[in-house]
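Per-chain numbering from 1; labels A, B, C and D assigned in written order.
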Amino acid sequence: MADLDTLPAFLETLDTEVRDAADWGEVAGYIPELARIDPAQFAISVVLADGRLMRAGQYAQRFSIQSISKVFSLACVLARFGESIWHRVGREPSGDRFDSILLLEQEHGRPRNPFINAGALVTTDELLAGRAPKEALSEIIDFIRTSAGDSDIHFDAEVAASETETGHRNRALAHYLLSFDNLRNPPELVLGTYFHQCAIEMTTDQLALAGRGIAGLADAPLKLSEVKRRRIAALMLTCGHYDGSGDFAFRTGLPGKSGVGGGILLAVPGRASVAIWSPGLNAWGNSRVGTEAAERLARFTGWSVFG
Amino acid sequence: MADLDTLPAFLETLDTEVRDAADWGEVAGYIPELARIDPAQFAISVVLADGRLMRAGQYAQRFSIQSISKVFSLACVLARFGESIWHRVGREPSGDRFDSILLLEQEHGRPRNPFINAGALVTTDELLAGRAPKEALSEIIDFIRTSAGDSDIHFDAEVAASETETGHRNRALAHYLLSFDNLRNPPELVLGTYFHQCAIEMTTDQLALAGRGIAGLADAPLKLSEVKRRRIAALMLTCGHYDGSGDFAFRTGLPGKSGVGGGILLAVPGRASVAIWSPGLNAWGNSRVGTEAAERLARFTGWSVFG
Amino acid sequence: MADLDTLPAFLETLDTEVRDAADWGEVAGYIPELARIDPAQFAISVVLADGRLMRAGQYAQRFSIQSISKVFSLACVLARFGESIWHRVGREPSGDRFDSILLLEQEHGRPRNPFINAGALVTTDELLAGRAPKEALSEIIDFIRTSAGDSDIHFDAEVAASETETGHRNRALAHYLLSFDNLRNPPELVLGTYFHQCAIEMTTDQLALAGRGIAGLADAPLKLSEVKRRRIAALMLTCGHYDGSGDFAFRTGLPGKSGVGGGILLAVPGRASVAIWSPGLNAWGNSRVGTEAAERLARFTGWSVFG
Amino acid sequence: MADLDTLPAFLETLDTEVRDAADWGEVAGYIPELARIDPAQFAISVVLADGRLMRAGQYAQRFSIQSISKVFSLACVLARFGESIWHRVGREPSGDRFDSILLLEQEHGRPRNPFINAGALVTTDELLAGRAPKEALSEIIDFIRTSAGDSDIHFDAEVAASETETGHRNRALAHYLLSFDNLRNPPELVLGTYFHQCAIEMTTDQLALAGRGIAGLADAPLKLSEVKRRRIAALMLTCGHYDGSGDFAFRTGLPGKSGVGGGILLAVPGRASVAIWSPGLNAWGNSRVGTEAAERLARFTGWSVFG
């Protein structure tokens, strides 16, 4: 284990070194608003168990959390409805792309896990539960704001509009789920809620603070039960990076969840909550430089759930 | 965390209660020697970090470790050749059955991970490295004997012969790998080695002791480097129970590896090495009662890699 | 070759015998309006090259032609735009269910052929070409009316409404095609047109008469060029019965197109146009008794494109 | 219909024009003996119903018939055992590569049709029926020699040896079939027979003559019943060009069977038997220039089963 007093210096060095990255990866092209972002950006924020916040790079820059929101919507669903969601969605890695419709056909409309798009649509549908999208969205953003202890967290209306206009594959997934009776609210309401939850924007500081509950840190404003926390962490480790989840677990030993906006949330159980951001993506749709930074952070700190 | 002094009593209760299991599952039918075994059997052995060995049930009964041997052969390959194996096999959960040939076609002969059969054949092929099967097999069994501190561990020749005769699907996998130039030794030598390593028989006591190195216990006779240990544990957690890996991680929070002989090896990093055995299998090919016992043990002890 | 003067008697016998069918199959359950139909019905109409019309059973009963409309919409597209459609859709049997979305993912949004649902949506989209659905629908129904020489052919508004309400999988396919830029008109317009074309209802008499052009009969009011006619027949033979196309070709030797309404259109090039109807379906979604009747007709007449 | 007296001149022109082909395609790389062949070769032989033999190009050059042998082995099986083969193999186009193992897994070891490799192995296995490979091979080659009226047709021992040594994927298929109990003779015997039947070499003259029975020409020395002939033709049309079968049917309107040696056998029912050869292949593994020549021949002659 590294001396955590040296962590700020390590983060500064990390920030300097990753900026020499020959290859930042490419930003997500399929969401017009995200396609315009400069990939050559980086930020990292670490909240330790003792409450210290350390960071480097563009930690004040807001970015679209996208699929990282799936962790929070799942937490909301588990809090509100308990374990009933597992009748509608599985807990297995998918072995396929995040937006794959293929397995959904083979498995008769039951998505493999809540972190691929189809599974997240079911989670959002469960949370919606006949309410107006506004109410479910309030619940999600309130959960995040309270977790972060920061009310200055918002939806980016333009990103949400951009996805609403171009999210054809998600729309296909929603209708497909409906064809298997695995969607209860009207597709457009579920999609509208989903596109907005994905369009929440946060800084790495805010995201790291919001992750304290999932990491099980003592001073988290919103605590999750041990069982829920462990289960969410297990899902993050096995399914949090789509078809690159196994590799991420192999390289970092840490539960993480990525988003196509380039963010990664890492839960270091009992020790730290970490947010990393770099918008260029690798072949699996995960932040390229962010993944590298996570691996180097894990190596430096010795953090790994595997002891 | 439970008081571990109460663990022996818990294991006794567990043994009593699982024996009331209405459904023991079914023994593996495709290996004739295993098909004859009575499914209504159970054993559990736990080695703690302080060296104490606790157990219940039929802990002196030898059983065929089958796919659990993949953990040991991988450890041998990593010890002998370092990380070169990853050029030939991936680190992702497969989302398919243990003996699936389907993904192998889609991914041009590179198995998803070293714990599905195709990946284990590649691992064994790497270990063989032009040597006679006897030499590679000596290396694996010596590794296990030394790890367990027990030289009374052997191959079951009849199980090996049984698989040699009926292992048509593994034979298909080997030739298929060869067609993609991902097998270097003659298929029959690789298969012979593989069938023998799977036919090693051990008691839960022996297996729990042999797992100490992978669990990172201080008194393990054979220690693995921290990096290797963590990586093997990550693979166990994400891929150790075939297409039921995600569910196992969700329910136990522990790295584990199952075999169709009904065994499960659990690594509780820094705390314990656990072996469970019950030969009846669930739909994914993992021990049915064993999985349940693992979940109850995790709940009782509070052990989980997720803090 | 049978003496065709005996055909009327054969058809009467056929009608009598198939009504003893122990198993009529099941009507399509996923379209509510069709789910109510009694499966124990049968009709057959044959138009010969010399103009004679022979028939048996409930030949005056209108039924929903469903996917048989895909032959007519394809003919319309080929007539209006020539061969450009082949840039957007293939000509291969699919090896999958009629509404499969799986292959569409593997082949990046280019449907295998114009007779599976995804391919038919592309065909309809091509025909729509920016026009109002009404105009494209007029074109299709005018084509059918003129071909049949009968203006009393209409859409069944209730079936169309029924599918509009419940056609979630087709809606998913449309959005999925759009995500690959293989849909040019708004999904709802394409789907509306598609659901209406499928809801055309005809008697077997009308359908057999409408098929004269595709069968290349001399007295067809609407003639297709030889090239077009042959190509449509080739597609019917290889792809006209979904995943049962090979078996249908093997058993009858004739190009045919089925619909889930229980209809089958057979083109016997230069010799006859045949329509069969029996609403109960087999496992592939083709008329069960209709398929049997087609096979017996082919055997009796000696008709087969294979000489 | 063209005047067939002009056919010889057409064939000469065809031969001249295809030799200007910018792209001959690539010879099959996976069979060493075939990999050495110059792709820039072409031959065509046509036997008409009246017995006339017309040809152009290198019609005296022997080539490896490879998968075209599947037509003859199927004819032998049907002749000897009737329709029992259909319990073991289907009659549907596969939608996958000729050597795909994927569908075999999804369909539990029953190959889609007798013209993909897995299905041909089952056909050969059925024909073998416990006999020595030599006997089954005698039966196949005698069938071909008698059909062609030419005893100077032989196996190319070097090609057979080459495939025996490198046919790993076929070996995988055989063992895979065995794992589903869909192989009755020892894999090595089936494979040995199969590799030899594929290694038969013929000129286009010989192949066209041998195809007379399948084309149903009056002067065929070996006649098939009408039912058998039609069924084989139906299979050729729907499955004869692997995953390019639909396209071939669309372009030529004729039943055909290709081989990776670059040969194509066309059956024009009642009219002609055609053999084409050009060893360079297209993306589907069918002769590139040969396919083009078949299409131009069909256009010139007006031959099409679709009237």
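Here is the rule we use: a contact is a pair of C-beta atoms (placed from the backbone, for glycine too) under 8 Å apart; a residue touches a chain by one contact, two chains touch by 3 or more.
Just so it is clear, the structure is predicted and the values come from calculations on it, not from any experiment.
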- Message: Starting at chain A, how many touching-chain steps does it take at least to reach chain D?
- Response: 2
- With chain centres set to the mean of the C-alpha atoms, which chain is at the far end from chain B? C
- Item | Chain centre separation (chain B, chain D; CA means) in Å | 47
- Query: Approximately how many whole Å separate the CA-defined centres of chain C and chain D?
  - Reply: 32
- Item | Computed distance of Cα centres, chain C from chain B, in Å | 54
- Task: Any chance you could list the residues of chain A touching two or more other chains?
- Result: none
- Checked against the stated definition, the touching pairs are A-B, A-C, B-D, C-D
- Item | Of chain C, residues touching chain A in the complex | 100-102, 104-106, 168-169, 171-176, 178-179
- Given the complex with chain C, which residues does chain D contribute to the contact? 90-96, 103, 112-113, 215-216, 229-231, 233-235, 237-239, 243-247, 249-250, 253, 255, 269-271, 304-307
